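Shared chain: chain A. Partners: chain B in the first complex, chain C in the second.
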Partner chain A sequence: MAYDPKTGKGLGDLYSAEHRCTKRREWKGLKDTLYDYGCWLRLLGMLGCKLGPVLPQFFRGLKRYRWLVSYITTPAFLDRHTIGLRGYELRYTHQQFYAVLQNSAGMIRDLLERDENLNPHSKKAAELRSKTVIFDEMMPIQIMNGFPTLKGIPIQMAPIFVVGEVDQQANIYYIDAIEHYGLASDVCPLPAAEAGCCVVDDYPKVGAAYVSSSMPCDGSVASTMYSNRYFKLPNYQITPPQRFNEPEVQEYAVKNLWGCVEFIEKQFNVKFDWDAFFEGVKRYNKESDYMIEKWDVNCTDYPQICGAALALHREYEMQIASSLDPKMCKYDAKVNKLMKKGYAHSVETDDKPRYRAIVWSCPAHYYSNFTYWAQNCWGIKTLVDMECMLAYHHYDEHDKKKVLVDMARGYERMTMRSHSNGGYVNALDECWKMCEKFNANIVFMYNHVSCKNFAGLQGLFEEQARERGIHLIWIEHDLMDPRTVSRKAMRDRVNRYMTTVFRAEPLDPTLVDYDDDLTW
Partner chain B sequence: MKDLKHLYYFEKLLEDANNDLVRQAKAEGRLALGYTCYHMPEVLLNLDGCFSVRLRAPRTGSMEIATYYMSNATCEYARALLERGLEGGYKFLDAMAGVDVCECMNRGMENMELLGVSDPEKKGFFWCNLDSPCSDDEDCVAHLREQLSRKILKPLYENYGIDVSDAAIRKAVERHNEICRLITEIGNFRKLDNPTITGYEFHILTLATYVCPKDLVVEKLRETLEELKTREPDPKKKFRAKVVVVGSEIDDPELISLIEDSGALVVADRFCYGSFPGRQEIVLTEDEDALTQVCRNYLQTTLCVRHCAQHKVQKRLDFAAELARDYHADGIIYEQIKFCTYWSYERALASHVMHNEYNIPTLSIDRPYMSRTSGQLRTRVQAFVESIEIKKIKAKKNREVK
Partner chain C sequence: MKYFGGCDVGSTYTKCVILDEAGKMVSDVTIRSRINSEISAKEALDQAVAKVDGLSGIGDLAYLIGTGYGRNKVPQAQENISEISCHAMGVHVVDPTVKAIIDIGGQDVKGIAIDQDGTVLNFAMNDKCAAGTGRFFEAMARAFECTLDEFSELSLSAKNVIPITAQCTVFAESEVITLVGEGKPRDEIAAGIQQSVAKRCFVMAKKAGAKDHITLTGGCAKNKGLKAAIENVLRIKVTELPVDPQLMGALGAAEYARQKGMEQE
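What follows is the complex of A and B.
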């Protein structure tokens, strides 16, 4: 417990309304603080190793790209997600985040060394660009496993998606830019910020072909009309079917996906390498197995890897790393081993969570550590997050036809898309199924105020939760824009529910009301 | 101008979804099939024994119940339909042919289905959520064909015994084409220097063809066409500028009326429920089955913003410019219904591109579902008209100086 009832000091005291970073690092006891500090040093070391070779471009990039500056706060991002954690949970979280961050750092290095804006006369950079395919960020790039001589980069990922989680203020400039351009302010700020980044010319120029997509929502589809005009590259659009629960739609899905393979083959004059692809498939299957094990453990009375450590890692692993990074599997194996030990320890000490919750609908990017706050303040353990419940079915490891169908199904069940598309059953019925499976009676129902897809089911969620006796805690947010709903306002929704409905006392009263509007 | 003989008749038909002609056709034993979107090929809902009703919610006031179910941040059109459905306004329908192409309308349909707005007595009633692809290549055509065969034609045949053969589809296309020819001919009067039909009148006629059994309006449309051939225009032009209206769903003729009352004559209607696209003939050949050709036609002619492949975006921009040129418009009004994500993106982009690259004055507006009383909209259109006039005066002066 981080809260000391004698002194009245707790985790909320780490924050200051006037400062962007916390006042000090948290004291977690000798052993855990040493471990935490060691991980902090390891992170800095990794960043140094990954970005060292592109240091000149990095410094030029700080002047050229507004978003790049936010990445300097990466250690603080990790700290936010480990505040209040101890023992095994601290270790899981560090390991999970390290896996993600080492891959992200690699992606930033890839961008910096290729970028035409930062390397206008470099032949090496031009050569790298000629072998790079850029992708829309809201789709996996698993297809690139079959093109080992080429590089696939989800282009909006570093400038918009990830950085919005690292620094809550990072996307605001791009959202404002596109709204000044004329876009209505009621649309989802994620694709809006992506379009805004086009309008202010803040994307690195790194590829020779562009694969756009129709995933996962109307805003995402529509914003591609901006990126297409901006990148001015040969383009192919992956458009998975909407009603993907129907087996009949898979024929089209496969043709559409294979069209992308043919497009890349034609643009780069290379052949799809099935052997390399199947190697990637094997990695994907292993990663999925590890994920399923995590879920299975979380269904028990002694959940282990919860909150953002579970959700962000899975999202990132499938969508961005896309089985192209063998290190992800290595870290998965390590975490899996640790998880088994942690589970045995929890059973031994009968360490059960106070409340069990799942997260549904899309969470706020600017408050990815929200679930840790709920855990530290109220003892609510978040067992699973809708965003990480992407495809987890096995891909065939030998048959070319079968694996394409499997991959098409994987693309259809991408981040957000797996629940927001394909009909209400994937959003509504699935939510209740997960409550049952994870034995949770609380749902953190993220009410993304600009998401029409889930807004359209609001009344039905309300009614059906009531019928089932599930505590649906609506938490408004605006995904990438903390000005619409602040982190504090999000916390207030839980505080009110816990005090009025559950009549609960907070575990750490200093976390009930504090100001972190300025923090990263 | 003298009032069109049948205008009042058509206006009355638009006051209720279950209007006199719908009731008449139902009394004759025909099936009423509801739909909302161009992506649902209208022509397939007009096979012998059935007719299409493109859904509207005329005279919508409060949408409180629908807002409870869909929140206040979703498209008002979708909410208005849900509200009307919950009020029992669509119980006359025998099937609902929905499409999963935009979030709000899709959720609106799903709410209607789950909340049971259909008549439980209708045992053959079926709901459809068509998966319409995002582009127009041959793979998309095959996909749409499969969807329509399974989700529309099969239940029509199995539940109601409707003839869905190739010959039946061709017959429906012929009937559809007749309406298209009439609307196109009527619409061509808008190309005149001093048009003999207003945008409001034309919108009323077009809307009627979407919401009534076509065979029951065709005669009056023919008469209207004849009437227009000899109709005398106003001796003095009542408008100050001509505009093309481009954008999302408009099923409220009062919006067109508001624009025209503000001094801008609407000479072309490039919006959902307008004539572009939707009232162009479907040309069928004998060497391929009719269903495939219908699917290809709808995918290739759609101007929906959902199709975001480069060639489709360019096609929409070019088409808007082409309409402005062909109908001698002075500007384009890009409009969107509030909370429509697709059109918000298109509107913002097009308002810049049209102005900067095509040199066409453009007004960009968003609006509620029912906008007849919007003073803000009126002011914006008036200001746009004035700006066009100023540009004309300046251009004239420049020519004189030269």
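What follows is the complex of A and C.
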């Protein structure tokens, strides 16, 4: 418990309205502070090792790319997600985030060492570029398991997607750039920022071919068309079926996916290596098993790996690392082993959460630690997040035809597609199923104000939640743009609901009202 | 005898209610809010206290609760409670049969569903836009060059409704000015305005889960034309409260103060 009733000091006191960072690091007691500090040093060490070999490019990159500067705040990002945590939960969270961050650092290194803007005369960089395929986010980069001599890089991840979580201000510049260019300001800020990054020429030039997509909404389709013109690379478009629950669409999906394999084979004059691919599939299946174990534990009275540690990790593992990084599996094994110990400890001490919640709809990138705030302030434990409830079925590990069907099904259920596409049952009925499965009576219902996908279902959600006695707490946000709905405004929604409907007292009153508009 | 106070500092009006130990309302005051919430609250409290024999100042109240937009600024208040809870409690005190409320304040609209004991079950609110709030009616009355009271009754004589298409207060005002300029019947334009607000209320009421009957609170609850339009749009009965509906927030706060003050004993 971070709040001290005697002094009235709590976690909210760490923030100040004038500063981007907290006043100081949190004191978590001797043992946990030492652990925390150790992890902080380990993170710095890892960043040093990963980025050391590309240090000259890194410094040139700081001048060239605005988004790269935000990554300097990565230790603060980790702090934000571990604030208020103690014991096993602190350890899980550190491990989960370390896995994500080491992969992200690797991705940034890959970008820096290949980038034509930073290495204009380097033969080595040119050679690396000639063996690199760039992917739109949420595309089946998993395919690259079958091309061990090539590299796949999800191109928007480092400049837009991940950095928006690291620094809430990071995407604003790109959103403004595309709006000054003429885009209406009510477009989803994610594709807007991605297109804005093209406008200001802030993408590294790293590939020789581009696999793009029709993502789940019109905004992203438009953004992809724009990116296509910007990258000027040979391009293949994967268009996962929207009504993916219908069996008839699978034949098309497989054909579309295999078309991508043939495109890469042709562009790079290499053959698809099925053995290497099946090795990746085995890793993916293992990663899914670890995830299911975590979910299963969270269904019990003693949930363990909750909030962003669960959600961001899964999202990242499937969408970006995509079984291409064997280290992810290694970290998963370690965390799940620790989770079993933590569970036994919770049972022994009867450490149950005060409130149980799930997160539904698309969460705010600029407030990825929102669930930890809810936990620290009100004792609401977030057991699962819609965005991490992606595909979790096993892929066939031997049959070439079957594995492609499995993979197509997997990518139809990718982030932002799995519940917002495919019919309303995926959004609506699935929500109640998850409430029942996780024994949660609170739903943090994110209302992304620039997204129309869920807007039509609001009335049905309200009505059905009432019938089921579930508390829907609607939380407006604007995905990547904190100027539309600030973090504070998001918290106010929960504060108002908790005091009015639950008549609850906060665990840490200093977290009810504080100013973090400027913080990373 | 002990007395308990509730002070609802709203964006346009500040209301104060004092209850005795039995829960009887012994004093109430409604004043126009000043720019400074603290001054508004003090002024309203001073006036309310002056009406009660046996009270010489705010400090004599056994328990005082602040609510509303400026609830943190009520001087000498022991605590503050959200206006949603206070409106629910206020309505529950005067009519326990009511289970759903539409509260139309100066700068927001809320739909509130309540339990048998006055606890809030659910609520929905629009606090981002002036459309359908007291400010909206003030702007419309200004466009008609009449008082709010005159405006509220204007639509009752309308035989037809001229729909107002603009949602935004600013655009709606210019739309109304255009319609008035075109010589359209004023009562029919007013009916259109009332209907557009009623539709907003419909959304809030549905979100909160209103079913068979509702009541209106807040300053706009006194608007007869709006009440008629809401009954027409929602097709559910609007229950009249026996106490000034604008006082419900302050009354609820005073009732909470009474319960807490008595508990302390």
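One rule holds in what follows: the second predicted complex is superposed on the first by the 519 of 520 C-alpha atoms of A that agree within 3 Å, B and C clash if a C-alpha of one lies under 4 Å from a C-alpha of the other, contacts with A are read in each partner's own complex, and residues count from 1 in each chain.
Please note the rule applied: a residue touches a chain if its C-beta (ideal position, glycine included) is under 8 Å from a C-beta of that chain, and two chains touch if they have at least 3 such contacts.
If you're wondering where the values come from, they're calculated on a predicted model, not measured in any experiment.
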Checklist entry - After the match on chain A, would you call chain B and chain C a fit or a clash? => result fit
Checklist entry - For A:340, is the partner it touches chain B (first), chain C (second), both, or none of the two (neither)? => result neither
Item to check | Touched partner set for A:228, first chain B, second chain C, both or neither | outcome: first
Checklist entry - With the two structures laid over each other on chain A, which partner does A:459 touch: chain B (first), chain C (second), both, or neither? => result both
Checklist entry - Can A:239 be said to touch chain B (first), chain C (second), both, or neither? => result first
Next on the checklist: Just to be sure I read the superposition right, which of the two partners does A:496 touch: chain B = first, chain C = second, or both, or neither?
Outcome noted: second
Checklist entry - Looking at the overlay, what does A:433 touch: chain B (first), chain C (second), both, or neither? => result neither
Checklist entry - What is the value, to the nearest 10 degrees, of the angle subtended at the Cα centroid of chain A by the Cα centroids of chain B and chain C? => result 70
Item to check | Greater residue coverage of chain A in the superposed arrangement, chain B or chain C | outcome: B
Next on the checklist: After overlaying the two complexes, what is the shortest C-alpha distance between chain B and chain C, in Å?
Outcome noted: 5
Item to check | chain C-contacting residues of chain A that also contact chain B | outcome: 458-459
Next on the checklist: So in the complex, the part of chain A that touches chain C is made up of which residues?
Outcome noted: 458-459, 462-463, 466, 471, 474, 496, 499-501, 503
Checklist outcome for this item: Residue set of chain B touching chain A in the complex reads 68-71, 73-75, 78, 100-104, 106-108, 110-111, 114, 129, 131-135, 139-140, 142-143, 146-147, 150, 305-306, 308-310, 313, 336, 338-339, 341-342, 344-349, 351-352, 364, 366
Item to check | Footprint of chain A on chain C - complex, ascending | outcome: 81-82, 84-85, 119-124, 206-207, 209
Checklist entry - Across the complex, what residues on chain A touch chain B? => result 178, 181-184, 186-188, 195, 212, 214, 217-219, 221-226, 228-229, 235, 237, 239, 241-243, 246, 248-249, 251-252, 255-256, 259, 420, 423-424, 449-450, 452-453, 455-460
